[in-house]
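Alright, structures below, take your time with them.
Shared chain: chain A. Partners: chain B in the first complex, chain C in the second.
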Partner chain A sequence: MNYTNLGKDTPILDGLEKVTGRARFVPDLKVEGMLYGKVLRSPYPHARLLKIDTSKAERVSGVKGIITGNNVSQHRFGTMVPDWVILPRDKVRFHGDEIAAVAANSEEAAAEAASLIKVEYEELPAVYDPELAMAEDAPQLYEDKENNIAVTFNVHTGNVDDALAKADLVFEETYETNQVYQAHMEPMGALVVPGDYERLIMWLSTQVPSMSRLRYAEALEMCSEDLRIIKPHVGGGFGAKFEYKSHILAAVLTRKTGLPVRMVNCREEDFRAGNPRVPMKIWVKLGLKKDGTLLAKDTKIIAGNGARTVYAPAITSTACYRIDSLYKFQNVRSTGYTVYTNTIPTSCFRGFGNAQMHFAMESALDTICHQNNLDPIEIRKLNGVTPGFTSIHGWEINSCALKECLEKATQESDWYEKKKEADQKGPVKKGIGVAICNHVSGNRPFYKPFDGSSSLVRLTPEGKAIVFTGEADIGQGMNTTFALIAAEAVGLNVKDVRTAAVDTDISPFGLGSFATRGTTIGGRAVYEAAINLKKQLIEHVARVYEKQAEEIKINNGKIYFAGNEEPLPVAEAMQQISYTLGGTSLVGHGVFVPNTVLPDENKYGNVSPAYPFACHIAEVEVDTETGKIRLLNYWAVHDVGRVLNKQTLEGQIEGGVMMGAGWVLGEDMVLKDGALVNPNFHDYCLPTAMDIPRGKIYSYFMESDDPNGPFGAKGIGEPSLNPVPAAIANAVFDAVGVRITDLPITPEKILAGLDI
Partner chain B sequence: MTNSSKKRGLLTISFKLNQEDYTMEINSDERLLDLIRNRLGLIGTKESCGGGECGACTIIMNGLAVNSCIIPAARADGAEIITIEGLSKGMEDELHPLQKSFLEKGAVQCGYCTPGMLLSAKAFLDQNSGREVSREDIKEAISGNICRCTGYQKIVEAIYSYALERKGNN
Partner chain C sequence: MTWENYYMPSSIEEALSLLDKHQGEARLIAGGTDLMVQHKSEPIEAKALIDIGGIPDLKKIHEENGRVYVGAAATHSQVVSSPLLKEKGRVLVDAAKAVGALQIRNVGTIAGNVVTAQPAADTAIALVALDACVHIQSGSEKLEKPVLDTFLGPGKSSINPSKELITAFSYPTPTSLERTGFIRFARRDSLALPLVNLGFWLILKEDQKTVKEIRIAVGPMSTVPFRARETEASMKDVQISEEELEKAGLVIAEEVTPRDSFRGSADFKKYLIGVALKRAIKVVLDGKGVDWDD
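After this line comes the complex of A and B, so read on.
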C-alpha cells in the first residue's frame, strides 16, 4: 500500500511553538485580576482535625478567600470509590493531605496566609506498608473499610491446583515493585476563570479533559455542561494527570471569590501529593511441562492504594490478569488486594499495573530457563499468543506479530552469539537479557458506561482541514497522529491539516489519553470522520463540476477526474463548493464504537479492539567492584500494527525505555514515618543524558495490520515501558549472576548479591 | 496584623536581554526567573523544579548556561542575557539552526524542557566553536537538563548533527 503521509518521519506539527518558547502551558496562563491558589497540607500521616483557625490568615493583605473542611460541602465522591471530599472535616490521612486552600493576589500572600492557618491535630497511629495495613490490629483509615482493603479482585479460570499438581516444574517467587514518580516536567496545575451564565472555565494540565468535567461536576455539585474544560499544551503526564484535588480546590475558590484562580503545584507538592505508581508485592507460582509449556499461573498481589482511591484498584486488577493474554495459559488464578495506607494516593503510571506484573513474570521465566536449561527466546515463542487466538479471558487476539518481534530482536542484537560469550576477565562484566510484553489499545472496563470515541473533521473554504477530538495530546504527539490519519483518509497533505486544542465546548467527548488508546480508538474515530468528510467532498465536487462521483479520486490535496483532465486543487474546489452553500465548511462526523466486551463476573470478555506486543533486549555492563550498572545497547521491537509516524513512534520508545531504566536502576520514593524524604530532583534521581545507552536504543517496527486500528495501527505509549524492568534485570543476572527481585536494582543490592 | 510585603531592599539594575537594554527596579530577593517570566512576560523560560536541579529555566548569561531559578535578579546587573525568545525573533524570523535541527530530528515532545535544552546546547557549542565535539561531550553538556519525554537520544542527535553541519560550513 502506498501512503502519501504515513510511514515517514513527520516532525510534530506543534513543534515550532515549542522550539521558540511560544507554546503556553498552564503555568504560563495569566488573566487580569487573577488570584494565586495555595494549599495547606498535612504535616502528619494520620491525624484527627480538632480545630482549624483561619482568622490570622484572613488578615494577610491580599487574601481574598480561604476554604477549609468547615466551609465546604462534605459530600463524598471519587474516581472508583467514593472516598474523596473537597476538604476533610474529620481527619487527614497522609503527609501532604489537603486541609485548606487560600486564594490571594500574590503567590507570597497566598503562601504566607496558608502558613498562618492554625490547625490543632490529634495524631493517630498510622500504617504505611500495605501488607501490615491488612492486619487485624492495624490502624484503620476508613470506618467502612475492613482491614483497610479498598477493593479485592479475584479471578480463577481452569483448575490451577490440578495443573500445578501435574506440572513437571513448579516455580515460586516473590517480587516487589516500588513507588516511583512520573516526574512530568510541567507540574500539575489549573487556571479557573468565572464564565458567563455562572459557568466555570477550567484550563487544565490534564490527560482526561472530558472525564475530568464529569467528575468535577459531581464534586462541585454542578451540571457538567456548566464546566468548560480547555486543555492547553501539556508538559507530560505519563498517567499522573487524571482527576486531581487541586483542580477542584481552584474551582471552589473561584466560586467563592468570583475571581480567576490559578493553582500550580510547586515541585515538592507535586511529589508529596501527586499520583505515583502503585507499589506491589507479587507472589507468583508457575507450573510448566518439561519442555517449557506453561500450564498454570497462580498469583497474589498486595498493592498500595495510598490514603484515598484514584485508580489503584483498576491497576491492581490489570496486574492480576492482563498478562494472562500474553501467553497461552489454560489455568490461572489471581487475587489482588488494593489496600489503604497513610501514604500518597497512588494511581496510573505508564504501564498501569501491567508493567509491575511484567517485571515479575518475565523475571520468573528467565530464572526458570536458567534453572532448567531452557532457551529464554524459545520458551516465549512456545507459549506466546498468536494471530487469531482467543485468550483464557476471552480476549481476541486479531493482529499479533509477537513471534516476529522475538525473531527480529534476537537477530538484531546478535543474541545467540552474545549468549555464547565465554567467561569475561576483569571486574566489569557484560550481560544480555530479554523480556516481551502485551498491552491494550483501550481498556473496556476503565470507564464502565461506554467505550469508543468520536470526532469531527472540518474542511474550510480554503481547503484546510481541522480535526476536533476530545482525546488529549499531552506532549506525546497525538495531535500530529490525528492530523496524519485525517490527511491520509481524505487525501490531503498533512501540512494542510491541524488538530484543534481540546475545548469541551467545541470538541466531542473523548475519554482521554490512557490505556494506550489514543491512536487506535481516538484515531479510528478521526479516520471515520475523515472518510465521511471525503464522501461529502466527492458528492459536492460531482455536483458543482458536473462529474460522476465514481470517477473522482482525491490524493495529496488534489482532485483527479477520469481521463487526462488536469487535477483540481482541493482548495479551489472547496472555494466553489462553499459559494454554493452559503460559505459553509464541510464537516465530517465519525464515531468508533469498538467491538469490545465488558468482562463478566468471571472476568471473561474482550477488553480492547487491538493488542500491541513487543520484545525488548537489553545489554548491560555491571562493575563487580562498585555494583554500578550501565546500559550498553537496547533493542526494542514493537508490533504497532502500522507505522503512522516513524519519528514519534521512536520517540515514544526511547522515552519509555529510559523511563523504565530510571525506575529499575534507582528511582525510588523513600518514606520515613510516612513523610517523603526525597521530594526533589536532587535526591530523587531521574535519568539524564549521561545515562542513555553507550551504544544506542534501536527501534524496529512490525506491521501486523490490525483490522480495528486506523490503517491497521495499534498503540505504543505503555508497551514501550512494560518489558524494560525485566529485560534489564535479566541482563544484570546474565552479567553477574545476581537476581534482584525487588526494585530498584541498586549497586548496594548487586554488591550484597555478589558477596553471597 | 500581618502584612505580606515584608520589607525588602529595592535595587536598580541595568542589563541587556535579547539585544535590548533594560533598566529596572527590583527587589533584592527577587529571582531572575521571576523577573523574566512575570515582569518581562517572557514565558519561554520555564519553571519545573525551582531548585536548580532540572534546567527548564536555563538562560544564557554572559555566555554561560545558567539556571535562572536560583540566581538573584540582582546578579543580572551589567549582564548580557539570552532567553529562548532571543534565539529567533518574532514569528517571521528564521529559526536558529539548532531549533530547526530539534524540530527535524524529533528532539521535541511535550516541549517543556525544550527552551532550556536549546540554550544549554547553544552555550556549549558557542564555547566550543573551534573544536570538534563528540556525542559524549554533548551528553555531558546537557546533563543538567532533564527531559522526561524523549529519552535524550534524539536530542543528542539533533545537537550532534548541527555541530557537524556547522563544522562543515566553517
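After this line comes the complex of A and C, so read on.
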C-alpha cells in the first residue's frame, strides 16, 4: 500500500511551539483578576480533625476566600468508589491529604494564609503496608471498609487445582513492585474562570477532559453541561492526570469568590499528593508440561490503594487477568485485593497493572527456563497467542505478530550468540534478557456506560481541514496522529490539517487518553469522519464540476478526474463549493463503536478492538564490585499494526524503555512514618540523558494490519514499558546469577545477592 | 528577596571595600548554585549581594613560584578544561567533572563548594586530598589556612562570607613522583550527590612503586570532608599491588563511619569506599586515569 502521509517521520505538528517556549500550558495561563489557589495539606498520615481555625489566615492581605471541610458540602463521590469528599470534616488519611484551600491575589499571600490556618489534630495510628492493613487489628481508614479492602477482584476459569496437580513442573514465587512517580514535566493544575450563565470554564491539565467534566459536575453538584472543559497543551500525564482533587478545589474557590482561580501543584505537592503507581505484592504459581507448555496460572495480588480510591481497583484487576491473553492459558485463577493504607492515593501509570504483572510473569518464565533448561525464546513462541485466537477470557486476538517480534528481536540482538558467551573475566559482567508483552488498545470495562469515540472533521473553504475530537493530546503527539489519519483518509497533505484543542463546548465527547486507546479508537473515529467528509467532498465536486462521482480521486490535496484532465487543488474546489452553499464548510462526522463487550461475572468478554504485542531484549553490564547496573543495548520490537508516524513511535518506545529502566533501576518513593522522604528531583532519581544505554535503543515495527485500527494501527504507549522491568531483571540474572524479585533492583540488592 | 542591592565589583579591592562598607550585612555570591537553593528554603538575611563572578583575578588558574593557584571564583567547567590542572591537578579536574551537570559546572565555583561545607562536596574533597591552602582576605588583612581547617560541621564553614573573601586555593607544584586521583559512586551518572567519593594524593619513592606518603579524603563519611589517616598510615612504605590495594580497601572500610540514609545503608557505603580506594589508586599501577563514571 502506498501512503502519502503515513509511515514516514512526521515531526509533531506543535513541536516548534513547544521547543520555542510559545506553547502555553495551564501554569502559563493568566486572566484578568485571577487569584492563586493554595492547598493546606495534612502533616500527619492519619489524624482526626478536631478544630480548624481560619481567622488569622483570613486577615492576611489579599486573601479572597478560604474553604475547609466546615464550609463545603460533605456528599461523597468518587471515580470508582464513592470515598471522596471535597474537603474532609472528620479526618485526614495521608500525609498530604487536603484540609483547606485558599484563594488570594498573589501566590505569596495564598501560601502565607495557608500556613496560618490553625488545625487541631488528634493523631491516629496509621498503616502503610497493604498486607499489614488487611490484618484484623490494623487501623481502619473507613468505617464501612472491613480489613481496609476497597475492592476484591476474583476470576477462576478452567480448573487450576486439577491442572497444577497434573503439571510436570510447578513453580512458585513472590514478586513485589514498588511505588513510583510519573514525573510529568508539567505539574498538575487547573485554571477555573466564571463563565456566563453561571457556568464554569475549567482549563485543565488532564488526559480525560470529558470524564473529568462528568465527575466534577457530580462533585460540584452541577449539570455537566454547565462545565466547559478546555484542555490546552499538556506537559505529560503517563496516567497521573485523571480526575484530581485540586481541580475541584479551584472550582469551589471560583464559585465562592466569583473570581478566576489558578491552582497549580508545586513539584513537592505533585510528589506528595499526585497519583503514583499502585504498589503490588504478587504471588504467582505456574504449572507447566515438561516441554514448557503452560497449563495453569494461579495468582494472588495485594495492591496499595492509598488513602482513597482513584483507579487502583481497575489496575489491580488488570494485573490479575490481562496477561492471561498473552499466553494460551486453559486454567487461570486470580484474586486481587485493593487495600487502603495511609499513603498517597495511587492510580494509573503507563502499563496500568499489566506492567506490574509482566515483571512477575516474565521473571518467572525466565527462572523456569533456567531451572529446567528450557529456551526462553522458544517457551514464549510455544505459549504465545496467535492471530485469530480467542483467549481464555474471550479476548479476540485479530492481528498478532508476537512470533515475528520474538524472531526479529532474537535476530537483531544476536541473542543466541550472546547467550553462548562463556565466563567473563574482570569484575564487570555482561548479560542479556528477554521479555514479551501484550496490552489493549481500549479497555471496555474502564468506563462502564459505553465504549467508542466520535469525531468531526471540517473542511474549510480554504481547503484546510480541522479535526475535532475529545481524545486528549497530552504531549504524546495524538493531535499529529489524528491529523495524519484525516489527511490520508481524505487525500490531503498533512500540512493542511490540524487538530483542534479539546473544548467540551465544541469537541465531541472523548473518553480520553488511557488504555493505549487514542490511536486505535480515537483514530478510527477520526478515520470514519474523514471518510464521511471525503464522500461529501466528492459528491459536491461532481455536482459543481459536472462530473461522475466514480471518476473522482483525491490525493495529496488534489482532485483528479478521469483522463488527462489537470488535477484541481482541493482549496480551489472547496472555494467554489462553499460559494454554492452559503459559504459553508463541509463537516464529516464519524463514530466508532468497537466490537467489545463488558465482561460477564466470569470476566469473559472481548474488552478491546485490538491487541498490541512486543518483544524486548535488554543487554546490561553489572559491576560485581559496586553492584552498578548499566544498560548497554536495548532491542524493542513492537507489533503496532501499522506505522502511522515513525518518529512518534520511536519517541514512545525510547520514552517507555527509559521510564521502565528508571523504575527498575532505582526510582522509588520512600516513606518514613508515612511521609515521603524524597519529594523532589534531587532525591528521587529519575534517569538522565547520561543513563541511557551506552549503545542504543533499537526500535523495530511489525505491521500486522489490524482490521479494527485506522489503516490497521494499534497503540504503543503502554506496551513500550510493560516488558522493560523483566527484560532488565532477566539480563541482570544472566550477567551475575542474581535474581531480584522486588523492585527496584539496587546495587545493594545485587551485592547482597552476590554475598558481598 | 531580602536584599536591596546587587553589586558586581570588577576587582578584589572593590569587593573587599563593599564587604567593609556593609559591616557584615552583605553576602558574597559566586555561581549561586548553593546560595539560591538555600534561599528558597530559608531566606538569606543580607542587605546586599556581592557577585564576585566578574572579577578576573579571582578566576585565574596559574603556576607561580613552585605553587599551583586556582582562583576562588574559577568555575568547575574552567577547572575541567584547564590544561595546567590536567597535568598538575588531576584530582581536582576529575572532581570538578563530577559536579552536578554541565549547567551547574558552568556557573558553580570551587570556593562556593568549599564554603557550603557539605561533607561530600566533590571539589572540596579534592582540595583536602591536595591539602590545599586557602587564601583569604578580609579588609586589608590576608590570611592563609589549610582547607581542612575551614570545615566546622555540615554546612558550617569557618569562612564568614559576609566578611571574608577567599581569593584562591594553592598547593605545591607536584613533582614527577606525585600522583593524584578522584573517584565517586552515585545513584545515577549525572546530577546526583555521591554515595561515596574519594580523592587522593600520594608521593612515590624512587622505585615508582612504593608509597612514601599518601593523603586520602573521603565523603560523606563524617560531618565534614574526612581524612582517612589510619588508612594513610597503613599504606606508608607499602609497595602498591592488587593485593595491597585489597588490604587498604578493608582498612578504610573499617575506618570510616558513614550514616544510613535512603540513598544507601552505612554498611554499603563502608564497603563501597573500599572499592573506591582500590580503583582510584589503580591509576598508579596502570598509569591511566580513573574514569569515575565508567
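The rule is short, and it goes like this: the second predicted complex is superposed on the first by the 755 of 756 C-alpha atoms of A that agree within 3 Å, B and C clash if a C-alpha of one lies under 4 Å from a C-alpha of the other, contacts with A are read in each partner's own complex, and residues count from 1 in each chain.
To be clear about the criterion, a contact is a pair of C-beta atoms (placed from the backbone, for glycine too) under 8 Å apart; a residue touches a chain by one contact, two chains touch by 3 or more.
Since the structure is predicted, the reported quantities are computational estimates derived from the model, not experimental observations.
After superposition on the shared chain, which partner residues are touched by A:Gln411: those of chain B (first), chain C (second), both, or neither?
Touch partners of A:Gln411: none, neither chain B nor chain C.
After superposition on the shared chain, which partner residues are touched by A:Gly475: those of chain B (first), chain C (second), both, or neither?
Only chain B; A:Gly475 stays clear of chain C.
When the two structures are overlaid on chain A, which partner does A:Glu186 contact: first (chain B), second (chain C), both, or neither?
The first partner, chain B, only.
Quick one: is A:Thr688 in contact with chain B, with chain C, with both, or with neither? Answer first, second, both or neither.
Both partners, chain B and chain C.
Look at A:Val670 in the shared chain and tell me whether it touches chain B only, chain C only, both, or neither; answer first, second, both or neither.
second
Just to be sure I read the superposition right, which of the two partners does A:Leu751 touch: chain B = first, chain C = second, or both, or neither?
Only chain C is touched by A:Leu751; chain B is not.
Following superposition on chain A, which residues of chain A contact chain B and also contact chain C?
682, 686-690
Along chain A, where are the residues that touch chain B in the complex?
Checking each residue of chain A against chain B gives 9, 11-12, 14-25, 27-28, 56, 59-62, 104, 106, 108-109, 112-113, 116, 182-187, 233-236, 238, 266-267, 474-477, 647-648, 650-651, 653-659, 680-682, 686-690, 692, 696-697.
Once bound in the complex, which stretches of chain B touch chain A?
1-5, 42-51, 53-54, 56, 83-85, 87-88, 91, 95, 99, 102-104, 106, 108-115, 118, 138-140, 142-156
Can you tell me which positions in chain C touch chain A when the two form their complex?
101, 185, 187-193, 262-265, 268, 271-272, 275, 279, 293
Considering only the defined contacts, which chain A positions touch chain C in the complex?
Answer in residue numbers: 625-626, 628, 666, 670, 672, 677-678, 682-683, 685-691, 747-748, 751, 756.
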